[in-house]
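Pasting in a structure now, in structure tokens, and then I'll have a few things to ask.
Chains here go by letter, A, B and C, matching the order in which they are written, and residues are numbered from 1 within each.
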Amino acid sequence: MKCLTEYLKFHTRSHRAYVHITPQVEQILGKSGIKEGMVLVSAMHITAGVYVNDNESGLIEDIDQWLEKLAPFRKDYKHHDTGEDNGDSHLKALLIHHEAIVPITAGKLDLGTWQRIFYAEFDGQRDKRVNGCILIPGSLAMAMARF
Amino acid sequence: MKCLTEYLKFHTRSHRAYVHITPQVEQILGKSGIKEGMVLVSAMHITAGVYVNDNESGLIEDIDQWLEKLAPFRKDYKHHDTGEDNGDSHLKALLIHHEAIVPITAGKLDLGTWQRIFYAEFDGQRDKRVNGCILIPGSLAMAMARF
Amino acid sequence: MKCLTEYLKFHTRSHRAYVHITPQVEQILGKSGIKEGMVLVSAMHITAGVYVNDNESGLIEDIDQWLEKLAPFRKDYKHHDTGEDNGDSHLKALLIHHEAIVPITAGKLDLGTWQRIFYAEFDGQRDKRVNGCILIPGSLAMAMARF
């Protein structure tokens, strides 16, 4: 296999949401047969991001409240002159960043004990997509999964 | 083509500036002939960064004001004991990060509809450089563009 | 050489610490014999990160005080209901991010004049690990170092 391309689609019920996607990434990694390399998981939106941290519900609430404090909803963002009302969603996404990269070792995501991959949605309730690449260097056998 | 290396140089007129560089990245990607992989775009400075978000002038003003709020100019940073006066520029760059990575699919940057690549300058009015890599995994044909 | 895997382990004396690791990354890069590509340096913990900036002691103090201001220690994080007391360490790690990527050119880290790689510890005084990949695209000779 040289290249595997897939996209994940999310439609969150709430305006902001933190979706645990490690199982999906692992599943695609397994399909790809890749043993060594790195995974790029990349949101395709400017009001969403991807990060690596703990899958603990209290912490996820802390993260949400903290992002609202650092990048609060406000009516008077200049961006709202375009008719949008999601200026804060852009700023929250900038803090979290659109992409995360995780190493692969011996066919598995080389995450620490508590590291999990999350899709962070800051302007939800509509379809959003994530893509990514799994890159492996190999002698003559290269593979890439995009999901 | 195995490897294409290029650097972009910026000299902004203002102290802080947000330069849309998607066209330059696309141009180099086109030159490289790469079909699948990922692009690394990386600032070579500690007071500049690279990010992916909307090319909307109001939002760019919002981003600038927000960064000034989170990492304000102050006279009393310890870093200024060295004779520098740009402590805030370092902190703004840490928030934005020095690099961004974007997937490539079918020969094009695999960006969402509104995603654009920006060089963010926080201590401008002098020459600054950006470099990057385009990595493609391929069976026997590898390519890399650095720009 | 196709693949070199190594891990760095840190045990900081203080709760928070900023460890300059460019020399270790350069050493492993030298061992790998890699000429062109990119390095992924990735913390394996959810209360630590990796960033690129200046190795100037005053600035490092500024960064530490600034992170404490943006993501302060507090007793009442919801995460603490689990028995933990390091909610702020998670938030600081989210700001800094768990990973950084640096290009390689002509066998060297392609850093700007003042760019250095740091391991940022936000919940130290115990063993922590960092891993990473060096990816090079090459025609038939691929290499990867993980450290």
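The rule is simple: a residue touches a chain if its C-beta (ideal position, glycine included) is under 8 Å from a C-beta of that chain, and two chains touch if they have at least 3 such contacts.
Note that the structure is predicted; figures quoted are calculated from it, not measured.
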| item | value |
| --- | --- |
| Copy pair chain B, chain C: interface residue numbering same or different (half cut) | different |
| Rotation angle (°) superposing Cα atoms of chain A on chain B, nearest 5 | 120 |
| Whole-Å gap separating chain B and chain C, where each centre is the average of the chain's CA atoms | 20 |
| Chain A, residues touching no fewer than two other chains | 70, 95, 97, 101, 135, 137, 140, 142 |
| Touching residues (chain side chain A, partner chain B) in the complex | 2-3, 5, 40, 42-46, 70-71, 77-82, 87, 90-91, 93-95, 97-99, 101, 129, 131-133, 135-137, 140-144, 146 |
| Residues of chain B touching chain A in the complex | 36-38, 51-54, 56-59, 61-63, 66, 70, 95-97, 100-103, 105, 110-115, 135, 137-140, 142 |
